[in-house]
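Naming follows writing order (A, B, C and D), and every chain is counted from residue 1.
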Amino acid sequence: MHGAVYGATGYTGSELIGLLVRHPGVELRFAVSSSGAGRSLADVVPGAPDVPLVAADAVLTDGLDVAFLCLPHGAAAETALRLLDAGVRVIDLSADFRLPDADLYAAWYNRAHPSPAHLAGAVYGLTEHARGALPRASLVANPGCYPTSVLLPLVPLVRAGAVATGAVIVADSKSGISGAGRVPLLHTSFVEVAGNFKAYSVGRSHRHLPEMEVQLARLVGRSIAPPPLIFTPHLLPVPRGILSTLYVPLAPGFDLAAVRTALTDAYAAEPFVTVLPPGEQVQLAHVVRTNRCAISLEVCQPPDSAAMLIVTSAIDNLVKGAAGQAVQNMNAVFGLPETTGLLG
Amino acid sequence: MHGAVYGATGYTGSELIGLLVRHPGVELRFAVSSSGAGRSLADVVPGAPDVPLVAADAVLTDGLDVAFLCLPHGAAAETALRLLDAGVRVIDLSADFRLPDADLYAAWYNRAHPSPAHLAGAVYGLTEHARGALPRASLVANPGCYPTSVLLPLVPLVRAGAVATGAVIVADSKSGISGAGRVPLLHTSFVEVAGNFKAYSVGRSHRHLPEMEVQLARLVGRSIAPPPLIFTPHLLPVPRGILSTLYVPLAPGFDLAAVRTALTDAYAAEPFVTVLPPGEQVQLAHVVRTNRCAISLEVCQPPDSAAMLIVTSAIDNLVKGAAGQAVQNMNAVFGLPETTGLLG
Amino acid sequence: MHGAVYGATGYTGSELIGLLVRHPGVELRFAVSSSGAGRSLADVVPGAPDVPLVAADAVLTDGLDVAFLCLPHGAAAETALRLLDAGVRVIDLSADFRLPDADLYAAWYNRAHPSPAHLAGAVYGLTEHARGALPRASLVANPGCYPTSVLLPLVPLVRAGAVATGAVIVADSKSGISGAGRVPLLHTSFVEVAGNFKAYSVGRSHRHLPEMEVQLARLVGRSIAPPPLIFTPHLLPVPRGILSTLYVPLAPGFDLAAVRTALTDAYAAEPFVTVLPPGEQVQLAHVVRTNRCAISLEVCQPPDSAAMLIVTSAIDNLVKGAAGQAVQNMNAVFGLPETTGLLG
Amino acid sequence: MHGAVYGATGYTGSELIGLLVRHPGVELRFAVSSSGAGRSLADVVPGAPDVPLVAADAVLTDGLDVAFLCLPHGAAAETALRLLDAGVRVIDLSADFRLPDADLYAAWYNRAHPSPAHLAGAVYGLTEHARGALPRASLVANPGCYPTSVLLPLVPLVRAGAVATGAVIVADSKSGISGAGRVPLLHTSFVEVAGNFKAYSVGRSHRHLPEMEVQLARLVGRSIAPPPLIFTPHLLPVPRGILSTLYVPLAPGFDLAAVRTALTDAYAAEPFVTVLPPGEQVQLAHVVRTNRCAISLEVCQPPDSAAMLIVTSAIDNLVKGAAGQAVQNMNAVFGLPETTGLLG
């Protein structure tokens, strides 16, 4: 199988190339970089594979089976259209096809969607919940990093009816700095980040919020009213990893055993989702540099209130939250074992 | 004024000694350390002042006005009794006098309280809310680090009636590693912590939870039913600092302006509490190595639900969360300006 | 091939097990841990493979082809003897067989060597320079982490006669904290290490000094007088990686081109040793989590003095400096391609 | 005394302002920032003092006693000329007046010096060695951070004749990231720096090399031929601090006791220079956030070679290496006790 990566020199692109060059079923045909064209990826990203970088306009689609887009939103959609027209399958790691509604996209991304016609056909690639649609899909919208960490635990819980009616779910998420991208910015420079910590886009203002709400609703189906979310991302002084702490008011009758069952039933056969034993808390060390999502569950009972489920969910934002899940999706699209080329 | 520190070589003790040797109104008479006796503090804690360390049994209370206890719980209470008997004022940085109820103490600390008779008279030294009781107090229970970060924003909010009836408040807190103490442990060693992140004592199991609930109830008074808390501490890979993210369902009629007013009214004249301007988020960099508490406020409105206030509150766990607040309390006890010897 | 690891739960042991479980030519039969027996490695080392840990006394040598020893010195030699007697090949990651002379061992390790008779037969496993002796070797002394970073560049330079007669070579080395082991110690705890940096065992007092000098002499042969070393290790606030900066006074006639040739000739065909292009400096990011050694070369000319070659050499202390080189040695011993199971 | 800071929002400028607002003898009249004009320093640099920033063209020199320049080289000299013309004393933290020779400046800074006439009169403010010239000096060239860490130990050693004739001194220096400035760059961004380490400007190519050599020669006087230096700076993954490891071949007759005497004699009365007791190694924790320079000494004897002195010297690059030494110089210029406003 022949693949290509557009946007090779960002953190997601170089991580993805690292996975693809070791993937036994893929031959990387080219890696596109507007800034690094003519150089080797290894020269631009220390420790990355020695892959030549080409300019976008030099690209041929001939013989290409799949292309991965690690481009800014907007640019990704435009490139996707060209590739789809040429019959190349596209796995888009940008946000361009994650919201199935062009109005919602316009409201959150401050621009008209460049190809609304493709929104309905894009498969939202939360792999464990996209099995039916992925094989032979033309266009996969790879989920955002925060949504991956939040939806993997929430989907089975909401489906099981574990969430109290009318409840709001709080998602307090903490992300490593690579999530902010590789372009140098003051607030991601070492001296500003080391020893520091802060929240940003608090409440309902981060672009991953509508993605989480709309995909949660879609994934659990019409019969269940999905709970609204409150989402507070924080900048964690680590290079990679996301840990989301979710506060889920439980429906009557649900206790720790019941919610464990809901999750372990959903993920018993999944190679990349692990529900930790009772009493063990996930940590980033469980998941960094793997395609794993690790989930812990605790329930507590405040006086005179509904029981509260506290979920902690950890992923590597660059792997399961981006490049790894993209490879997992590619495996699913092309009928390879999903674990091919991935560290579980 | 003559002072002494018991438990000099831990992070709190050495931080406190650093403050006291620069405090214009205090002469540090001795610093007690069971492990470092006979050496200089500077030799045990690199960068700390050059203060000789003495063994506990060599200590005289003659001429001592105030003693600070940076001892483990249990040991602190026993030392406090000896000092109080000798007429020395005690500022206890342990947990021994923070819970006003001996049964509650026994339930959470797995031991009978060594001196229940002193519990009622101890002043809970959340300085900004203890002004009436601190002058000439004999025994000050210096608040825990997490409770300081949580109670400073919550007390005015609950007093103002801003919290929805029946609501549960979620406190998602993140603490630097010095909060775990200076005794070497695997989970606080560099290789385990760097790049890592995790929650611990999730829900309602951390000893600071009853401290927060019982002191919140006491501080807001009997006429208001205090909300229960859910508290999740996390280990943050930074040496010092706590940032607590609080999720507070608002009572009808309360919006961002109203909660800002409640807090800015409460703290307008306070040198150490700052409510940041709208739209600005606190970060640890605002407060580390100062006695400051910085607070940010955001309100969001999930569909079909009560408005949610999201408070972020940052302190230095070793300063406002421990040694700095202890000095602030000493200043209040002895009638000095509260800012004496402290960085605001 | 059937293998076992003794001392599974330290940083070296768990890194090695991570490599072995993914190695296509090895079946890990058991992993010995005195402290973790009865548990899974994954429970002791977050992110490590799910391998059951057994107690040392439960161990059988039947059917074992190779054993890796990640034990303290002394204990390693004793275990090695038992295994060698049973016909098991041993790759010892301790220091017990690195010094070919029992008196030298006794002088530096403050104990009599437990099996001086085996010293002569042990192969010093600096793989690139041990090719002749490794195939079918019974006992491999895996090099120390610092010596690996220093000897790989020095051996070809000394062999080529590039070092000025009578010169002393300065090796200023900086190591990540995992080099100090996993046992919790104050000076490797997070709060002490973060933001800190220091030298230790300055000059000629670190145990890796005699290893470097004696193996350098042995590797370059009798006809060349090897230069003495001055070695200053430093504790670098990173989890893993060593960067050694070497100052090598050049013999007359040697310039940058000549020393480049000496090194590129030596390592042209080596998959794990890379000499960077002129003007590029190695960094830990080039090598962490790989079995690579990256080397940069600069020459400068102080007034009225010999030209000085400045070599910077980077490895991952846990991979090429320990577990990875051990696997590379195993591959060489058993005739597998040396890169099997390793990341280059 | 009335002071001003030009270039307020860089790391050096904001550190300096933090010192000046707490200095009892200075009133900060204004702080100039081209990028932050109209805002408060606290809004630009979290945790910095709440000082209004003004644009350069709004500046008056009336009533100003002293101005500190934290500007890029070139711009600093031009501003200095205007201030000197108005009778304002200038402490320049740039490199513009550190090299006493306009040709040397032109060679290393790739531009003609804007005011060669002032070079001879500028006082090189390595305070401990500039006491004679500082009182009432008009223009102080504040030393570079690396040169401060290297010259403080070297000057007394060279003066004492401790350095072997014809020897080259190696200075292997490691600097925290704030030394690279506050402008966001890829190689100082968090993800690139965390866990990483590298050398740069190896050998004799860093601009601080000529500063060290020329000032060393000037400070030790004509009768002693100063040794040439080899200087390798490294980027250390900490926010602040420099540790320089110096390798000094000793003249015959010099041993550890003799070199200790040379240094302790030189610095016995100095409040900011500490020679650590034998066997103790300096670490950054000894000096960060202080104006201190801490020095350790070890001597080793390689076989058949001169004895080698290994000096480790630690400073905070932003304090003793920049802003703190600038305040110390100001104190000396105006006849205040040198420790005023500084942490020793």
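Before moving on, here are some points about what is shown:
We adopt the following convention: a residue touches a chain if its C-beta (ideal position, glycine included) is under 8 Å from a C-beta of that chain, and two chains touch if they have at least 3 such contacts.
Predicted model, so just to flag it, every value in this text is computed and none were measured.
Judged by contacting C-beta pairs, the busier of the interfaces C-D and A-C is C-D. Chain centres computed from CA atoms place C at the largest separation from chain B. We define each chain's centre as the mean of its Cα atoms; on that basis chain A and chain D are separated by 47 Å. One inter-chain figure worth recording: chain A and chain C are separated by 38 Å, centre to centre, where each centre is the mean of the chain's CA atoms.
Chain B has residues 46, 192, 194-196, 237-240, 283, 285, 288 in contact with two or more other chains.
For chain C in complex with chain A, the residues that touch the partner chain are 46-47, 194-195, 283, 285-290. Contacts from chain D toward chain A in the complex involve residues 11, 46, 176-178, 182, 184-186, 188-196, 237-240.
Chain A meets chain B in the complex at residues 166, 168, 170, 172, 174, 192, 194-200, 202-205, 228-230, 232, 234, 236-241, 243, 245, 247, 281-285, 288, 296, 298-305, 308, 310, 312.
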